[in-house]
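So that you can tell them apart, the chains are marked A, B and C in the order they are listed, and the count of residues begins at 1 in each.
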């Protein structure tokens, strides 16, 4: 009896935390997403919000676009971060290791907003890149590099890199250098060593990093709004506009649930494809 | 040597920012030979081995394998395979995949590789283990996978970097024999590096003793043991008593040396001035009284200070007037076998047994 | 050690919150627009009444969303535009009726007060009073884009890649007028309004390639105009006049199809806790001397009677240049938006934004 009480007291904060801050809001949003407006201040239960999502091409196109671009961003982040993490974990010696890690961390001392504004200053028509390219004669007149999918992907990859580099570096640090050497010694090329020894070892880090980067990207709001500009919406913008500019909370809730579903399904597919268990990934990363 | 050496090093030097880890080393290893490089940690033997494997590049000199210079040849193109100190098995692969890795790299088809893997695993005593994950093997079995992984590629040369270091004593003794037998069975040239003189002496055809980046002496285990060329070799190889003193001059047989405890001994060697003298415990003859040792130029009376019983390797610690503490092997057969601490004892040794080298700050 | 100092700070913070809660009666929580509360005016109010003013800067949509989330709590006074009161009030009940007896109605310009009262009346109760008014029109760099005279000119070749708009409802309304339709007349009929908006949406989608970006914050737009990245935009008169002060060739132009007239109001949230302070703030703000200061800060005009005589001469001149009498007569004043239209407009805007 006493032990039960102790266990209960021990778990109470966690249960309260999850219950009040995670489950309760989600339940509320779930209920809200199934209510549809009949007249002013009159709502009934119904699937209208989800049907609206399916019926209106604008919504599911934005949804698909967000999903595909997020996967692309995750892959690019992985491809760029992997050599960086490999270098930090296996090749940097002595003091350069923490210094390199710190360099990766420094951009994250500024808020996302400031970082994105930094990109805007670089890429805008009267910005640094445009001026520089004009100065060296590559382009004849100012060119706008902002407000397109390229700038959007760039900003999102930049924002995701740290969250990829940290788990990758952790995973790669535990790889014994002798194993890489053995891979070469037994006749392996760079590609073979990478494919058969380094990547399999780093797999838990790759999966953990990809999940985090994907979730952050899909749920990002500031970067798509600021760098994507007039061309193409991000799904979070749809949710924002439903809640804030249209006062249509039920529709926004339904969109929110679709986004949750999207993240869950894609993470599940990712784990399946790489043959990683979710709990194992969490444990090892 | 009539045929081309499997491995030849010609004046190889490795300079790490002013520190010469390997300093002008030259040697040859004949086909089928078990060659060991023995030295204390930090002597440069690992660097030397990594240069042969291709992970480091010599600052000067050449490494030649079967007549081919290896300068500029990357590690994955050298006919050399290495058994790492940690073994470095690939943990996410099975035994069979570990062994097959090198074959796949060499572009050998699965159909051809399969039988070769089976054959080599049978030969190292791991028949039927192909599908087992390497993480579920005992220490000795892992050792054998590491060796099979190299041998399956039929390399000119197998390098072994203290592979027995991580094993417990009993297994290590067992693996020494097994390695020797494997090497004989495959007739592959082995280059083995170790700091453990017993491993080197037991397994090798020839041993190079390395210190401060240089080879002190290269020879058969017996030569090294009985005829050390340098003070370092005399001290490092085998168990020994070490005395310091000063050479007094040439004698009829060998040279005289006066120890710091003010006793003069007859020894062998060509040293002068300050010197060190080395005496093996088993070269000390023991007797009940000094008169029984009249044939020996050096003989003394003393008392047994301690008996260190270790079966066939039992020793006595003997104290005598004007003589430094001395350890002597106690034969477990004969009249003295049951001697106890405090008993009087006489001891002596030939001039030949006392190796004298000039002290040069070793 | 760290833990303890964290606890001490938490306790201190809690104490501070409790203390500030105790003083709540002497505080006015104001939900308003940028530049409507110059420090000078706030300080004078606090000095005179002892009431502290806590300011939250926002816009129409966020004001409604914030109040909706709390069902009208968290603020004691809000300043939505007059056309955005009755719709959300019918839908969400976020305001309380005003007690006109507590106001000094003589301080207001009579016609403007009556018009606003009419527009913000729901079920016989008045919810809004006029405060600041101004127009939406075109801000144009007249040197770089001399041909821009109406909203549709933003889609012309002269400003290709250098035009800007807000992805908000005023843009839809403006384009509808410019395309020769009358959206205000269609307010009562959701179907015909929807069809009209479809046409406007198609036009905007076609026009999108001409745009630099959809502007969100006024500052970003002004920065673009200053840098020359944007040469013509649909924007508020105040922004145009501000830039005109710095760069004479940038001007605010009343478009041919009519500038859009807006009035920002005072409205009291349903669960406001300090109505007295709210009425005091309204009366204080409508005094001609105070209203003139606020108008100067906002760069717009005030509904306070007599304040215009105190307004800065520069603003008067700029107004005169931008608004000849015909343009004044042509200003389209927003009628109240019926509930439900925002959903139609929002969907059109989503489509425009998502189009590539």
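In the analysis below, a residue touches a chain if its C-beta (ideal position, glycine included) is under 8 Å from a C-beta of that chain, and two chains touch if they have at least 3 such contacts.
Here the structure is a predicted model, which is why all the values come from computation and not from measurement.
Colleague: When subunit A is withheld from the analysis and all other chains remain in place, what is the resulting partition into connected groups?
Modeller: Groups left after taking subunit A out of consideration (others unmoved): B | C.
Colleague: Which one of the chains is closest to the middle, using the mean of its C-alpha atoms?
Modeller: That would be A.
Colleague: Calculate how many whole Å lie between the centre of subunit A and the centre of subunit B, each centre taken as the average of the chain's C-alpha atoms.
Modeller: That gives a centre separation of 56 Å.
Colleague: Averaging over Cα atoms per chain, report the distance between subunit A and subunit C in Å.
Modeller: That gives a centre separation of 35 Å.
Colleague: Express in whole angstrom the distance between the two chain centres, defined as the mean CA positions of subunit B and subunit C.
Modeller: Subunit B and subunit C have C-alpha centres separated by 89 Å.
Colleague: Could you check subunit B for residues that touch two or more other chains and list them?
Modeller: Residue numbers touching two or more other chains: none in subunit B.
Colleague: Can you tell me which positions in subunit C touch subunit A when the two form their complex?
Modeller: Subunit C reaches subunit A through residues 61-62, 64-65, 68, 88, 90-93, 161, 167-168, 208, 211-214, 216, 227-229, 339, 342-343, 346-347, 349-351, 353-354, 356.
Colleague: Enumerate the contact residues on subunit A facing subunit C in the complex.
Modeller: Going through subunit A, the ones touching subunit C are 40-41, 56, 58-59, 61-62, 124-126, 144, 146-147, 225, 229-233, 237-238, 241-249.
Colleague: Which residues, counting only subunit B, touch subunit A once they are in their complex?
Modeller: Within the complex, subunit B contacts subunit A at residues 53-55, 74-77, 80-82, 84-86, 88, 90-93, 101-102, 104-106, 149-150, 153.
Colleague: Looking at the complex, which residues from subunit A come into contact with subunit B?
Modeller: 176, 178-179, 181-189, 192, 196-197, 200-201
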